[in-house]
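Below you'll find the structure I mean.
Labels run A, B, C and D following the written order; every chain starts at residue 1.
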Amino acid sequence: MSEAERVAAAAAPRRISYREALREALRDALSRDERVFLMGEDVGRYGGCFGVSRGLLEEFGPERIRDTPLSESAFVGAGIGAALGGMRPIVEIMTVNFSLLALDQIVNTAAALLHMSGGQLAVPLVIRMTTGAGRQLAAQHSHSLEGWYAHIPGLKVLAPATHEDARGMLWTALEDPDPVLLFEHGALYNVEGELAADAGPVPIDRAAVRRPGRDVSLIAYGGTLAKALAAADALTGEGISAEVIDLRTLRPLDTETILASVARTHRAVVVDEGWRSGSLSAEVAARIAEGAFYELDAPVERVCSAEVPMPYAKHLEEVALPQAPRIVEAVRRALGAGA
Amino acid sequence: MTREQIRAAVLAALGDVAPEADLAALAPGAELRDALDLDSMDFLGFVQRLAAATGVEVPEEHYAQLATLEGCIGYLAARAA
Amino acid sequence: MTAAPPERDHGLHLLREMLRIRRFEERCAELYGAEKIRGFLHLYIGEEAVAVGVLQALAPEDAVVATYREHGHALARGLTARSIMAEMFGRVEGCSRGRGGSMHLFDAARRFYGGNAIVGGGLPLAVGLALADRMRGRPQVTACFFGEGAVAEGEFHESMNLAALWRLPVLFCCENNLYAMGTALSRSESETDLCLKAASYEMPAWPVDGMDVLAVEESARRAALAVRTGAGPVFLELRTYRFRAHSMYDPQLYRSKEEVERWKQRDPLPALEARLAEAGLLAEGDREALEREIAAEIDDAVAFAEAGQLEPVEMLERFVLSDPRGAP
Amino acid sequence: MPSLGADMEAGTLVEWRVAPGQAVRRGDIVALVDTDKAVIEVEIWEDGIVEELLVPPGRKVPVGTPLARLRGASEAAPAPAAPARATAAVSMAPPEPAPPSAPPLAPARVSPAPAAPPAPPAPLAAEAPAARVRVTPLARRVARALGVDLAALHGTGPGGAIVRADVERAAAPAPAAAARPPAAAAASPVAGPAERAAGLRRATAAAMARSKREIPHYYLGTRIDLSRALAWLAAENAQRPVAERLLPAALLLRAVALAAREVAEMNGFWLEGEFRPATAVHLGVGISLRSGGLVAPALRDADRKPLAVLMRELGDLVRRTRAGVLRSSEFGEATLTVTNLGDQGVETVHGVIQPPQVALVGFGRIAEQPWAEHGLLGVRPLVHASLAADHRASDGHRGGRFLTAVDRLLQEPEKL
């Protein structure tokens, strides 16, 4: 390859999977700062339950890529302790379902320490976990509980839906002096996408307008972004122009971007894989009602998972989960055109 | 395509363009534009549907030959594969 | 008492530290009755020898993780009586700005990582602190205090295993005062020999007479040395007894008055005094001088707390996150 | 009476352990108190001699009440000095002492999660109670701005609510536009085709009356030679598949849109006593409905769309209008209306402006007529273009420049 071709190749956007983007973020962080280390079940020899940390053990050694016993409470608590001790740990909890075993450490220690100690003990810790359903793993392995964590003051909660965010959010989160939770939707790992050659850290405090539109705001995040974009495509056929907002950060919520969008479109459909009652979509809808009431030309619609423990059978799981057709129906209801 | 198939295609196309029209009462020799109150946009839609159904793209100069139901059938029978 | 008698200064130091805790806790009981201290209050009277003894083995840069019964550990670690009393009065001059109360005392400068109201909640934290020290090559020890009740918690077993597996510098100090709140150990543990339990995680573990401050100090120094030199974690079962209720107030129906009186015969304070006198290290008037000095310190602490300010409500959301702009 | 628990408000004196005249020392047990949870021994923190017992056994007194009087060591009132009662007694439900593993300040053990809450209440029945008209917040706001009386409106929004478009249409009805086209969707389940047509007629009548009442119309007209335009069109269509074939209407719309950009006074609204130029050119396209009535939904940004896109959107708009599947937002957005586009079989059309717009362009039938040019007489395909304009917003001179611009633009069809 000539120099020009090499430079061009380096600059050209690459086609890469969401998993590889995450791995690149881990490798970049581990190389930049020796205080950074990865800890979790099967992250080392096995290369990560979803293959995200494959190859890192060989590259960075067992001290910094630490396989742990099946002790979520202990190794999450140890992550907190190590953060207090001056390290910059990345703790991987295999899935949000198992984080329930470490909820006490996350909520009662990580999130509360700084405030409770009168500002003395900040916890610069990043916890990564897979979330969401769609792979027939049934009720105990298909939860989408990021909304719970977005309820806890003292935590920051992120949902990278794009390859750029999967590559860019980790370093910004590591530089944050407070605990940051990163939710990776299980259905995204294999998804291929474009990533700029020089892709690097991205801000983690703003939502993004992934697709401008005039008639309705589709507000989604993580695993539901693709479905919202699919619905928006379908709607153009009916002459309906849908704007798609990717929340990116679930706490703090970027209320400003949400309200600005609703002020343009006057209608909102919130798409959330959590269960309706007390979900993150409930919070978004409440903020719209509070902040954009006089902009509303229709009630806020919500498309969430059916309020059931996620069934195993594929056809049941598909009906239970928010899907593009249901988003399109919700938009029609909002436009008053009826089904 | 048989004459019967062409006739069905023409009536279907007319039905799309003028949903409220009563096609049963349509005399074979009646002027379509007047009988069914078709404006230029409707007639273009009709011609486009005929093209889709029969594969025959009617040039604007030949519109006159499609003035009546009978005319349409005759014109298309001569050209449809 | 098997440990060798200390020389005078050190002996008086141990006596002062234990007496200080005793009088401080008694004053807290009084102030609780007067509603100056609210919420939950767990007093350390009877167990002073454990905190004072273990703390002699720790250096300033070592870390301490305690539980909700933490006044003794905090005082022995060096937190001032003023900052603790102000904290329990809910004043901003408190060591946690009045936000933590009796169960959540913190002092980052003194690496006192505070109380924890969740039984066993502090163990994983201690493991993490030790992990950081080990990864950074710092020859430091993390002392983790917990009650025998915690051995029933999952976090105890997970933490002990992790610490032993990764050979982390943790000094596990189990204060076995026979009762987890209202439940005797025999009614909650199949295996009541805690050292046997600890040893199953491949770490040295031995019992210590928690009522003898010299014995505690001697064991703590031996254990801390092993831990500091990278031999991995050590488990001390410090057998002790609390003379008062679990907290303010429980009717103490679970134990007899006779049992309490029997343990009071082994009160660590008079025991040390007798030891010092026997070795001719205690002079006339030493005790009275200590009592006066300590009474003054505690009166001053109460006055300081009474005069303390309430944190302005505008500060309510401060320190939820490090950067105040991060409001949700 | 000392506080003997985090949530204690009062205590019952069970038994005195000392008698008047008896000496007491700090730490002595002087009484037994029942805190409703347990019977607790009460210590005294003063040395002294009991002078008088103030509370008899069996009586319940609030925390802080003096129980006895002491003489000697200090004359202060015995037992704990009556503390200034903390006004907001800490109210915590847990039995004292709650096991510390449960966060001490938490309320009693959280009741098990309530059964799945009933499905969110079904949306209000479509038939809102007669008295309360359902109006969206945005519609209410726009109605206030345009001075529209909501009571007279028929809602086309979700659940029959009045939406912004309903209000704007009422404020600016198309010459015949008003309610939704007859094939209205479920929004107004009751009205059948006949009622809807009648509704449309009524709304048109009201709008036309108001337009004539309030707007001082002036009228201009001119004939435009379309020979070059139609020739270009025939050549263009010869190369295009049927599906992308263009109609003269597209050219006429395009010319009007570009002319509206040149003469801005034609494109906007008369609101609250002043002309407000529109920031975009959305052409209201007059579409006649076979069941009677004419509506003029908007073709957005007609000045910025290439001819092929304009043609496709026009076709789509006509189809959806006829099928009754129009979006409410498409009604209220027109900034300038164009009507009949040469299909009506008559030579000249003089329309009625739709308030709050300030102009309306009418095109008659395209027909071959005698035409004199360079002293020679010939036959040309001509169309009569008319302009009705609001004299408050513009005057004849500007109207004239607008029509001549349309004519000029149609002479260079390839640039449209």
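Methods note: a contact is a pair of C-beta atoms (placed from the backbone, for glycine too) under 8 Å apart; a residue touches a chain by one contact, two chains touch by 3 or more.
Worth saying up front: this structure is predicted, and the values here are computed from it rather than measured.
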{"item": "Chain at the geometric heart of the assembly (C-alpha centres)", "value": "A"}
{"item": "Result of counting contacting C-beta pairs for A-D and B-D, higher pair", "value": "A-D"}
{"item": "Maximum centroid distance from chain A, chain identifier (CA atoms)", "value": "B"}
{"item": "CA centroid of chain A to CA centroid of chain B, Å", "value": "56"}
{"item": "Separation of mean Cα positions, chain C and chain B [Å, integer]", "value": "96"}
{"item": "Whole-Å separation of chain centres (CA-atom averages), chain B against chain D", "value": "44"}
{"item": "Whole-Å separation of chain centres (CA-atom averages), chain A against chain D", "value": "30"}
{"item": "For chain D, residues that touch 2 or more chains besides their own", "value": "103"}
{"item": "Residue numbers of chain A (touch at least two other chains)", "value": "108"}
{"item": "Multi-partner residues of chain C (at least 2 other chains)", "value": "117-118"}
{"item": "Chains touching one another, given as label pairs in label order", "value": "A-C, A-D, B-D, C-D"}
{"item": "Chain C partner contacts - residues on chain A that touch it in the complex", "value": "37, 63, 66, 68-69, 71, 73-87, 89, 101, 104-105, 108-109, 114-122, 153-154, 156, 176-178, 205, 251-253"}
{"item": "Residue ranges of chain B touching chain D (in the complex, touch as defined)", "value": "18-21, 37, 39-42, 44-45, 47-48, 51-52, 57-60"}
{"item": "Chain C - residues contacting chain A, complex", "value": "63, 94-100, 104, 106-108, 113-114, 116-118, 121, 123-133, 135-136, 142, 154-155, 158-159, 161-162, 165-166, 317-323, 326-328"}
{"item": "Interfacial residue positions of chain A with respect to chain D in the complex", "value": "108, 214-215, 239-240, 266, 276-277, 293-299, 307, 333-339"}
{"item": "For the chain C and chain D complex, residues of the former touching the latter", "value": "26, 29-30, 32-36, 38-40, 42, 68, 103, 117-120, 153, 181, 245-251"}
